[in-house]
Amino acid sequence: MKKPITALQKAINKHVVVRLKSDIEYKGKMCNIDPYMNLILIDAEEYNKNNLLANYGKVVIRGNNVLFIRIVEDL
Amino acid sequence: MKKPITALQKAINKHVVVRLKSDIEYKGKMCNIDPYMNLILIDAEEYNKNNLLANYGKVVIRGNNVLFIRIVEDL
Amino acid sequence: MKKPITALQKAINKHVVVRLKSDIEYKGKMCNIDPYMNLILIDAEEYNKNNLLANYGKVVIRGNNVLFIRIVEDL
Amino acid sequence: MKKPITALQKAINKHVVVRLKSDIEYKGKMCNIDPYMNLILIDAEEYNKNNLLANYGKVVIRGNNVLFIRIVEDL
Amino acid sequence: MKKPITALQKAINKHVVVRLKSDIEYKGKMCNIDPYMNLILIDAEEYNKNNLLANYGKVVIRGNNVLFIRIVEDL
Amino acid sequence: MKKPITALQKAINKHVVVRLKSDIEYKGKMCNIDPYMNLILIDAEEYNKNNLLANYGKVVIRGNNVLFIRIVEDL
Amino acid sequence: MKKPITALQKAINKHVVVRLKSDIEYKGKMCNIDPYMNLILIDAEEYNKNNLLANYGKVVIRGNNVLFIRIVEDL
């Protein structure tokens, strides 16, 4: 089994759910991620407890805000 | 007795409970962990004070959110 | 697909929306950004949930306050 | 008199009380600790102002949550 | 266009508005700034949402409190 | 006059009052301190605004919680 | 004009007002300061919005709590 950062980098181009410390979630395709967990999402949807708040084309999330990243497709 | 990070790496593939600073807990099988305590859980269950909130296939938790990790099976 | 910091540096001179941890947003043209996500915006507008609060000629935002950066024009 | 981290490492296998920033306390036998104050407790008891909340077999506490460590047995 | 820290150092001796994370603002002439955004203001005025709170001759602001720095005169 | 960390190390074996960010104070004899301000207190008393809360034999306080250290005896 | 840390070190033995993130202020003679803004004050007075709370002989303030340092005498 791969190390956490390696596993995330293997998940590039998969769909993920990124939960932030503020409890807001972003769902989308993860185009890239670095070891600090800075990451790029495309076709991102912003959710607050299952309520869709907004759609964004492309966002870069700063890694220090991340609580967890859920990989929707299998690694 | 092993150092804390070494002990966690010996617990790979064991069941753990990860308590976050927000008091939310994640229970599952720990597939990998790095020295920063970034970790991968599979078959993860999310709990808030014994109430099951959600089931996740595979999540990567960012280490800086961790309060403690409880190892359910013996080291 | 480029790494997150590289993608941001490719977005120099594009319009961006910078969401801070405080939920305030700054919209403007991103003139420069460094790996810590310190960035320069010109013709910046400050918004609180779609309410325009102020216009600024040129601001330098300290990177550790950033939640995400949305690139309005395509990379 | 030893430096703080050295003194803690001399206290391995002694009973300690670990107070976290959240005011929750963990009492148990400290099996190991590293310079960041990541530590392993066995037979850990969790207290909130003298109320026993739970018993844990073995927990690894992330050092950055620690407020202080009280050594119950003499160094 | 210069990098953010370089642009700030080019703005030495210009008038700036420094917004802190606490939302308090300091206006004055920026005499110097380092890469951490520690900075010296002279003839500083302290504002809370446009209400003048105090005047200070010379203050050194610790960079980690800074939200943004607005350069009033052109770079 | 000595640098702050040097001055603290010269105060080893003196009585100090350690105020934490939480406003709780610990009074006792400082047996050792490192450059991060991790420190060992013996015969420690815990106060909340002049109310004695508890007595501890020996505690190791993690430096990042410290607001200030007051040296009761002269340096 | 000197860099911020150099300017603070030139202000050793001058009177300063140190405002902390908690809004509490400490006034006194600054005997020494290091690059992290750890500093020693003697004859320190503690204020909460112009109300004198306490007098301290000598305190060492941990730099990460500092919001700003105001130099009362000229540099």
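For reference, chains read A, B, C, D, E, F and G in written order, and residue numbers begin at 1 within each chain.
What we mean here is this: contacts are C-beta pairs under 8 Å (C-beta built on N, C-alpha and C of every residue); 3 or more make two chains touch, one makes a residue touch a chain.
Just so it is clear, the model here is predicted, and its values are computed rather than measured.
Colleague: Using the touch definition from the top, what's the fewest steps needed to get from chain A to chain D?
Modeller: 2
Colleague: Compute the distance, rounded to whole Å, between the mean C-alpha positions of chain C and chain F.
Modeller: 43
Colleague: Chain B to chain C: how many Å between their CA centres?
Modeller: For chain B versus chain C, the centre distance works out to 34 Å.
Colleague: Averaged over CA atoms, how far is the centre of chain C from the centre of chain E? Could you give it in whole Å?
Modeller: 19
Colleague: Give the residues of chain D touching no fewer than two other chains, as numbers and ranges.
Modeller: 64
Colleague: Beginning at chain A, go round the ring through chain B first and name each chain as you reach it.
Modeller: Cycle of chains, anchored at chain A and oriented toward chain B: A, B, D, F, G, E, C.
Colleague: Please output the residues of chain B touching chain A within their complex, sorted ascending.
Modeller: Contacts found on chain B: 12-13, 20, 22, 26, 31-34, 38-40, 56-62, 64-65.
Colleague: List the residues on chain D that touch chain F in their complex, please.
Modeller: Result: residues 1-5, 7-8, 21, 37, 63-64, 66-72, 74-75 of chain D touch chain F.
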